[in-house]
Every structure is written in structure tokens, then in C-alpha cells.
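See the structures that follow.
You will see chain A twice below: alongside chain B first, and alongside chain C after that.
Entry: the complex of A and B
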């Protein structure tokens, strides 16, 4: 076939004559590598090289201007000895351990009931899903306004109008973290509800009919049939939302931007610490070490969850 | 005989009544369920309702807890748009999200197709290598990306904001799954018709996975429209901010009124909300599709 053009990528097989002599299978292989050439370049330069670079940098010291100098394990030693890091570590896990179960339970309860409702089903579903279509930054500012003191913030104004003493949300070291978590949970519920409902739909009707004939209570059906069959869906949602809460940043940064992660570091998650170390203090090696720790945390948490939830 | 008949009739009407009562009870329970779900849904959209309502209020009314503005005004929108910055940020976000989405759709489906439909040595390794990048958090890459951008002069440019998102491993995985549903016979027929491999992919295979492409497009567009960390790092001049970065800097300015911040938040949220309301069924199907296969 002399009209055959060479592949679009960089893997040009030389002159048409050479290409024409290849077998059909070989020609297809040439095309395949041609298609993959640019993407492979992208993944090597934009994903793999930077990953290696971050790991190497975590053993170095660098302030973005001078030379990169080897520091051995210094960055990691500093990190372990840094009380702020441990505070940040606790905060990060507080987001995870509060956020994941709360959003899982709420979204399941809503999905379970919404699944059995026909009237205006689509409209109600849309109401729950809408917050998912928003940007975290915009919503962080909306909620930040809600949380202000009297006479500005909506929540405290509402409390005041019914005579309840006001609550300090973002200025309190104990209330600020849950207050920041709330909009993060709120925005993610819609997605989880949709996934749960798809999971519920996938359970064959015959299981329920059999249970009905046996006269089993709906509570038993829920625990003995629905939840066990939903395990893959639950695993998926737990892993995905855990990764999300461990990487929380936009909400915290925008709701506490006068003193990011404050008050007194009580809301600071690991990603915010990384951002500040790298782009406020320009301590690049130290920040890279923190990103490696984040990577390890994400990996370990996902693997543990997959193990725990998949087996048994 | 007559007595027996009467007994049967009474028994029948008794069960009927009981069934009716049970049904009534069930429908009452169903009604309560519906009301609670509906109330929950209304609470869910309250923050959005307050954002929009406050953006339509005059300053004197902003701190009233009433949802409906007494004298609705577009004054805040006029003010924010006349200021000009939000318009620029809106354009930046739109251009960046559109280009990144198109690029990711093109390359992700091309790679997904190649890994699905071509047999060659190294295929599995390439697939695993790309998939493994899903384990690497963006936060780990931003520092090296910043160093790269600095040495290549990509800081503070559209390209600098866009380059990390031009391809996604998630998209490759998703599209590979969906190309499995395209029968090889179709591709073989096209091959016999004399189409080259690129044409077969573009003209035959791609139209068959349109729903998957649409689902992927929604996810990628939304992700880029709302992206914050990387655009915050790579941009320094306000002209190049995307909407989220612009809104964050706007909110941090001294003495910015809350109704103006709500207006900015509404400007960056309304496009996606309206898009959702128009294509609701389609978007939800796409989310489920991408969510479950991905």
C-alpha cells in the first residue's frame, strides 16, 4: 500500500519503502508506538521525572536561589522533631477520621431513602448534587461569611434572632477544624449519593423478592443483603473520600487566609504546611520531604482500606 | 350455610380493611420519607441560595437573615464587572479549562485506544506505568513543576497553568475500559476499506464512545475550572489569575464588602450550576459512568 502515510508521532519508520515491507502486525506496532510517543514523553517529563526529583530533593537543602546541597536525612529529622508537624499530622487525620465516616453515613442514608422515592425523584437528587458542581474556593468564602460573628455572619445572626448565645467558629481552636470540614463534606455528598444509588440499583431485585417471601424485616434486609452487596461501592467511596480529606487544602486556605491554618495551627493540614514551607519560606528540600510523607500516608491509608474492606 | 357465608364475608372484609390500613400506614411513612428528603435537599442548596441572594442585595440589607432581597439589585454585579478583573479571570479560566479538556480528551482516548486495541510488546508495561501515576499526589509534583517552570520561563503564563493537566491517567484508564465495548469487527472492516490506523480511531472508534468522552469532559472541565493549588503557585500577576485564585486574592483585600465577595463567588459558580441544571440527567449518568468504571 504505497498510499499509507507514516504515523503522526515521532517514530517515523524511515522511507515508505521500508514501511511497505513490514508485515501487517509490524505496521500496527509502528502505529501503536507512534500514537504513544507524545504521551510517553509527557508522562516521563511531567510525571515520572518530577516524582524522582521530589524524592531526591527531600534529601537536599535548597532555597530556590543557591545550589542544591546534600543534607542526608536532615529534612526528615527536622520534620520528626518539629512540634508543628505533629500538630499538622493530627489535624490531617482529624479531617480524615471525621470527614470520611460522617459523609459515608449521611450519603448512604440519603441514597437508601431517595432510592425508594419516585415523586420528584430527579429534582430532589439535583438538590443534593448541586453543591458538587461548585468550586471549593467560592464555597469556602461563602461559608466563611456564614461563620462570622454577630452582626455579620449568617449563622450567628440566626442564633441571635432566636436568643441563643453566639458561637465562635473560625476563631476558636476547637471549633475551627469542624467548621472548615463542614463545607468539604457538604460539597462531596452529592457525588457519594449518586454512586450509592447506582450501587443500590445494581443489586438484583430477586434478592429482595426472596426476602419478602420469607417475611424478613426491612432492617434485616438492609444489614444482611443490601450492605454486604454494596461492599465494592463502599470500598470505592471510602478510598476516594479518604484521599480527598487527607489532601484538604482549598477550604482551609481560603477560610483562614488571614492566618493560614490558624488559629494557632489548629486547622492546618499537611498540604497547607507543604505550601507554606515551599512558597512562603522557600525551604524546598524540607517541603519535598513533607510531600514524600504525604505520599506515604496516602499510599498506606489506601492499601489498609483496600485490605480491610475487600477481604472478610 | 348462610352463617358460614357471612363469616367468610366478614373475614374477607377484615383482611381487606387491614390491608387498606397497612397501605395507608405505608403511604404515610412514604410521605414522611419524602418530606424529610425534600427538606434535606432544600438545606443542601441553602448556602448557594444565600450566596445568590446576598449578591443581589444592597449593602444595608446584607446582614439581614431574610433570604429574599427586599429590593433586588444588580448593582454588585455591575460594580464587580466594571472593575474588570473578574471578567479577565473568567476568560482565563474558560480558555484554560477548555484547552486542557480538549487536550486530555484527545490524548487520553488515543492512549486508551492504543492500549486496548493494539497487540504489541511493552503494552502492559506502558499501561501499568501510566496507571501508577494515579498514586502520585499532585502536591508532590508542584515543587518540581515550579522548578521546571522557573527554568523554562513558564511561570505566569497560560502554558504554565495548563501543562500539568494536558493528559490524565484517569482518562486513559476510563477510555481503555470503554474501548473494550467497541467490537474489533468494526475496526477490521474499516481497515479493509483502506482507512489508516489514525482514521480508524478518529472516524470509527471515537464516535462509538461519545458518552464516555462526554463524561470524561465533564470531570476534566470541572476539575480545571475549580483548580486552585497549582494556579495559585504558578501565577504571580493578577492578569493571569484563574477565577478561584482571583476570588481568593479579591477576598483578602482589605475592607472588601461581603456582598461583593458573594458576587464573585456567584460568578465563579453559576456557569457550572446552570450547566448542570440544563444537562442534569446526562451529567449524572456521566458521573456514575466515570465513577464506577474509573
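Entry: the complex of A and C
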């Protein structure tokens, strides 16, 4: 019945025909790509083009003012020969290797116990989440003042009041890195706890009930049920917090802003070195080479972690 | 003071508004030039006033000012000017000028009215650092120098006089340092910190006072790994060893001084404004103390105005006239009054009223013997000084060895910059 009621279609067979001739599934694909094109285009322009550009720049010499000139592998050679770079490289991994496991263990312990607490559960959870919502800059400055010497430093004032000699927190090549890492871990804790709690809630109750009936110890429950079933959550947190610690910047920069990454480069992470090379020395090519190295590190670390923690 | 600060710009704005209202009908040929500087409230206020005066005197020229936050300023200008999107007249830190000259982004100032003889005789001597191959590329409206701030109450309480030599400074600082029962410093005599202004004090003042010459070859060769350099470093490190200072005390030297926990503090003239706003702090300021043989020295820095390569034809002519006005004695008087920065011309600075001013006087008198370091990379070169002291303090390195390492590191920075 509706077969010959197509006067408009017959008038423009060439134009509307192409789309009209597609099957429903094909039309759906066209629309899907149409919508996807927007974020893809956005990503290409905002992310991929600058990334590619930075990689090209790492083989060039540029001070922002003049023309870019080719430098071959010069920037990478300088990098390998630069003792500061290796110090910074070690620092970056110190942040990663200390920060990730410590924050993982603490956040799991808190989440595990918080999960069993009913009294004031929401309030306690909110308190743990609060630092995550606080500005990193404000927090870094408050901690910076906590760490000062007498008469303004909170910790040293407490030590001095009970007659213990002062501790140099930030003005020490050994203490400064852990002192900066501590608030950084604390700041990220809230987020990790929330993710862990969601993971814990997702484990079916029936497993625990079965274990209870079998009379299994709580250690066994933890090792045999909770942790294995939390694997996807742990993978997610490890990857995310590793990337976070590898890219640590705001805490370090704000707590050591008079001597960024100091004393004697002992707290300088790679991102801070990149920032200084680019925006205080205006050596864009060298900064780009450091960025490429950071990119490779992030890629390798993430791939290794995904592989190690993958579901077998 | 407060009233005058507000009233003058308002009056100037009113007259210029009136001038502008009548201008369009009379003047067919309007030229608009653009001026850039970073945002600092009093600098913007002063410049608005200068622009208003200039436009009133030159009705055919329009000046549009754009300002950016300080944190972005260097990057923004460095991106915009090569792209041809920049201003016609721009304010730059003197230390950035080499790069702009090398890339041909700013034009030399025309010999008329900016002849080398005129600038050489009328401006304070350190402005000569802006001369490259016989022509001047930029000129400051105002300059900054260092001086010794002191807390009047603490000096009075300890019964010490304002020091005039390094020896007197150390003695006075010792008398004003206070400690708690455990020996922790609770009030410092003298604030120190290479991260603040001390690296300038060390380079241009202490090394010279101990008989040295910090750099040779127009600041391209490091020359402080010498006996004089060593003596200066020993003096500097000795301050902490003698217990008259504590590096990093209260985080920042200026914070300690503002909080009234430091008797002496070396800082630049740009600190005056902040100190004037500190309630309850009674402070004075004096020239930097003289060295063992009476040598005085100082470090001066400045922001300069330059004409960029994008100003051509009528805009160039207008830019030259604008430059002439903002480096005139009148502009410097306004700048001193509104911003509190020191005039770059000797005859404006050294008037009896200014040179004997209790606050500006010590800074202005310091300009007569001030030196200006020509930096290749100021923050990297500052870091060298910071690390030199930290190696001795935190790692127990021999001072002589640390001095040699610093000289080598700084020479490497200079070499890589000048051999590019």
C-alpha cells in the first residue's frame, strides 16, 4: 500500500539516495561515527597533534622567540650526560615506589575497616574524602609551614616543647622527599578509599556466608576471597596512583618554591625539571626531550602493571 | 600620601577624557599604538596616568595598554611578539633583552632623541648595559636597588646603632639574635637566604668588597673562584657559623622581617610597598654596609621599555614619541610617587628631596655605585649560588671546593648560552 507514495524520493534520486539506500545497521554506524567524530576531532587537535609536535620538538632547538632549528639527538645526549637528570629520575621513582604501595596499603586498611563500621559511617567517610577535594596548593603551603623550624613550625614546636632537638624536614637532602610525599599520599587517600569501598561492596555476600558456614578464619577470608575478588579494583588504583606519583608536581613545587625541587635537587621530580627547563630557562627542545622520556616511562609502567595484574 | 596617590590619576583621567572628547573631530589622522606590561596594581595605575598625560599632549596618538598576570607575562610576550601579534612598545625585564635583540624582535632606539651621549650622561651608569654595538635598545622608567632594612624596636631594645660596615652589621646582628633554652633561634639578627636577594648581594657586593671582580668579559666569564671570592664566601657562611643568622628561618627572609622576628634584612626597593602595609612594624632603611676597606657596591635591576619590530611607519613615530615621554623626568617623578620605584635619571633621583628621603634615599644613593649583572639565565644562575651554600651546609663540602664547583657550573651556563 505505501509503495507508490514516494513522489519526493523520486525527484531527488541522486542526493537522498545514497543515505536512503543504506540499511538500518549501516545508518546506525553512520550516526555513531558522526557523534564519535566530535570527541575524536577534539582529541586529535587538543591531544595528539601537540603530542606529536612535542616529539618533533625534542629533536629541535627552540627558545620560543626565534625559529626552531634541527638539533638531531643533541637534546637526548645532553639528557643522558646530565647528572641532574639522573638524580631527578631516581627521585621520580622514589615517589612512585614509596607512594604507590604505601597509599595502597593504608587506603585498603581504612576502607576494609570503614566497611564494617556502621556508626557515623557517612561522616567518617566524608572526613577521609575531604583532603581529596582540597586544593593541592593550599594544602602544600599549610604542610610547608607545619614543617618549619621553631618558632613557626607545628611539628618542631611540639618537639621543642618536650625537649627533643628539632628535625630538619624540608631543609635536608634525606628528609625532604618523604616529608613532601606524606601530604601527597594523604591527599590522594580519600579517593582510593572510596574506590576500595565500592569494590568491597561489589563482592557478593554469599561468598562470606559460605565461608562463615565452613568456619574459615578471617585471614583466609581476606586472602582467599576479598583480595582476589578486589583484583580489578586494585589494578585500577595501582595504575591511577602510579601515574599520579610519576607526575607529582604541585606538592613539590609549592613546598619548595624558593628552591624548586631542592635542597640540591633532592626532591625534584621529572615534571618539575621539565617545567623549569621550559619556563625558566626557555630551552623548549630540551624540555620536550624530557617530556618524551616521561611519556615513555608512563607508558612502560602502565603496560607492565596492566600485564602483571591482569585477570588470568 | 594616600590622597595624593588617588587624586592625581583621577585628575589626569578627567583632563584626558575631556581632551579625548574633543579630539576626534579635530584630528583626522589617529594613530593607535599598543603597550604591554605585567599586572601590578600600582604599575598599571602609574602607566594609566602616563598614558593620559601623553595622549593629552599628543592628541593624534592613542595608546592602548594591555597587561597580563606576572606568571604568564614572559611566556605570553615571547609567543606573541615573534608571531607579530605583540605590542608596539613592550616592557621587558632587562635580563631578557639579549634574546630579543638576537632574534631581531626589538628595534634600536633612534639616536635622536636617544643619543648614547645623552643616556650616558643623564641616566644612572648601570643603564649602559642596555647599549649593544653602539645603540641603545631599551630604556627603563625606573630602577631598583638593594638596601639594608632594620627593625627599629629590636635595635632599640638591644641598644645597637644602625650599622654602616659589615663588621658593625655582624656585631649588631649578634646583639639582636635571640634563642630559646634549647638553643633554637627564635629571632634572627640578619635574615639570609641565597634564594632571596642574597645571591645578588654576594655576586655584586660582597665579592667586590673583598677585592674581587665577579665577572670579566662583559659578564661572559666567571671570575669569583679567586681569593676574593673565597673570602666573600667565608664571610657569608660565617654569618651562620657565628650564629647571627639562620638560613630558612621562618621560611622566607622577608616573612621573618615583616613578622618582626628579624633585626636586619637585605632586600630591594620593591619591598617598600609591602613593608609600608605591615601594621605595627617600625622599620628604617640604610645603605648596604661598606666592606672591610670601605668599598661600597650595590646591585640594580630594572624593567625596560622597548619598541618592537612590529611598529612601522606612523606607529613607529608614535612609539618613539611615547618612549620619549615615559623615560622623561616627569614620567619618573610620577612613577616614584605612584609605584615607589626609583628614577632612572640622575637629575631626578639625586635631587636633595629624593636622595635624602628617609625611605628612598638609601636606595637612590646606592644607584651611584650599583652594578647590574647581565644574566644569561637568572634562575639557573641563582640556583648555582643556592647550591654552592647548600653543599657546604648539608653535605659538609669544603667551601673552596664548593666555590670552584659553582664557578664551573655557572661558566657552563654562560658558555652554552653565548655559544648557541
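Following the convention adopted for this analysis, the second predicted complex is superposed on the first by the 268 of 312 C-alpha atoms of A that agree within 3 Å, B and C clash if a C-alpha of one lies under 4 Å from a C-alpha of the other, contacts with A are read in each partner's own complex, and residues count from 1 in each chain.
Following the convention adopted for this analysis, a residue touches a chain if its C-beta (ideal position, glycine included) is under 8 Å from a C-beta of that chain, and two chains touch if they have at least 3 such contacts.
As the structure is a computational prediction, the values presented were derived from the model and not from experiment.
A.B. asks: Following superposition onto chain A, is the placement of chain B relative to chain C best described as a clash or a fit?
C.D. replies: On the superposed model, which is not a single observed complex, chain B and chain C clash.
A.B. asks: Of the two partner chains, chain B (first) and chain C (second), which one does A:196 touch, if any: first, second, both, or neither?
C.D. replies: neither
A.B. asks: Using the touch criterion from the header, give the chain among chain B and chain C with more contacted residues in chain A.
C.D. replies: Greater contact footprint in residues on chain A: B.
A.B. asks: Which partner does A:264 contact after superposing on A: first (chain B), second (chain C), both, neither?
C.D. replies: A:264: touches chain C, not chain B.
A.B. asks: Considering only touches as defined above, state whether A:288 meets chain B (first), chain C (second), both or neither.
C.D. replies: In the superposed model, A:288 contacts chain B only, not chain C.
A.B. asks: Check whether A:47 is in contact with chain B, with chain C, with both or with neither, and answer first, second, both or neither.
C.D. replies: Only chain B; A:47 stays clear of chain C.
A.B. asks: Using the touch definition from the top, say if A:149 reaches chain B (first), chain C (second), both or neither.
C.D. replies: The second partner, chain C, only.
A.B. asks: A:245 contacts which: chain B (first), chain C (second), both, neither?
C.D. replies: In the superposition, A:245 contacts neither chain B nor chain C.
A.B. asks: Have a look at where A:279 lands relative to chain B and chain C in the superposition and call it first, second, both or neither.
C.D. replies: In the superposed model, A:279 contacts both chain B and chain C.
A.B. asks: So chain A touches chain B in one structure and chain C in the other; where do those two contact lists coincide?
C.D. replies: Looking at chain A, the two contact sets intersect at 64, 144-145, 148, 151-152, 258, 279.
A.B. asks: Across the complex, what residues on chain B touch chain A?
C.D. replies: 30, 33-34, 36-38, 40-42, 44-45, 47-48, 50-51, 54, 63, 65, 107, 110-111, 113-114, 118-121, 123, 126, 129-130, 133, 135-137, 139-148, 150, 163-164, 166-167, 169, 194, 196-198, 201, 222, 225-226, 228-229, 233, 243-245, 247-248, 251-252, 258, 261-262, 264-266, 268-269, 272-273, 275-277, 280-281, 284, 287-288, 291-292
A.B. asks: Quick check on the complex: what are the chain A residues that touch chain B?
C.D. replies: Counting only chain A, the residues touching chain B are 1, 3-5, 7-8, 25, 28-29, 31-33, 35-36, 38-40, 42-43, 46-51, 53-54, 57, 64, 110, 113-114, 116-117, 119-120, 122-131, 133-139, 141-146, 148, 151-152, 154, 157-158, 161, 183, 186, 189-191, 194-195, 198, 236, 247, 249-250, 253-254, 257-258, 271, 274-275, 278-279, 284, 287-288, 291-292, 294-295, 298-299, 302.
A.B. asks: Write out the stretch or stretches of chain C touching chain A in their complex.
C.D. replies: These residues of chain C touch chain A: 74-75, 78-79, 81-82, 99-100, 102-103, 105, 180, 182, 184-186, 193, 195-196, 246-252, 261, 377, 379-380, 383, 386-387, 390-391, 394-395, 420.
A.B. asks: Which positions of chain A touch chain C when the two form their complex?
C.D. replies: Spelled out, the residues of chain A in touch with chain C are 61, 63-66, 144-145, 148-152, 156, 160, 163, 165-166, 171-173, 258-259, 262-264, 276, 279-282.
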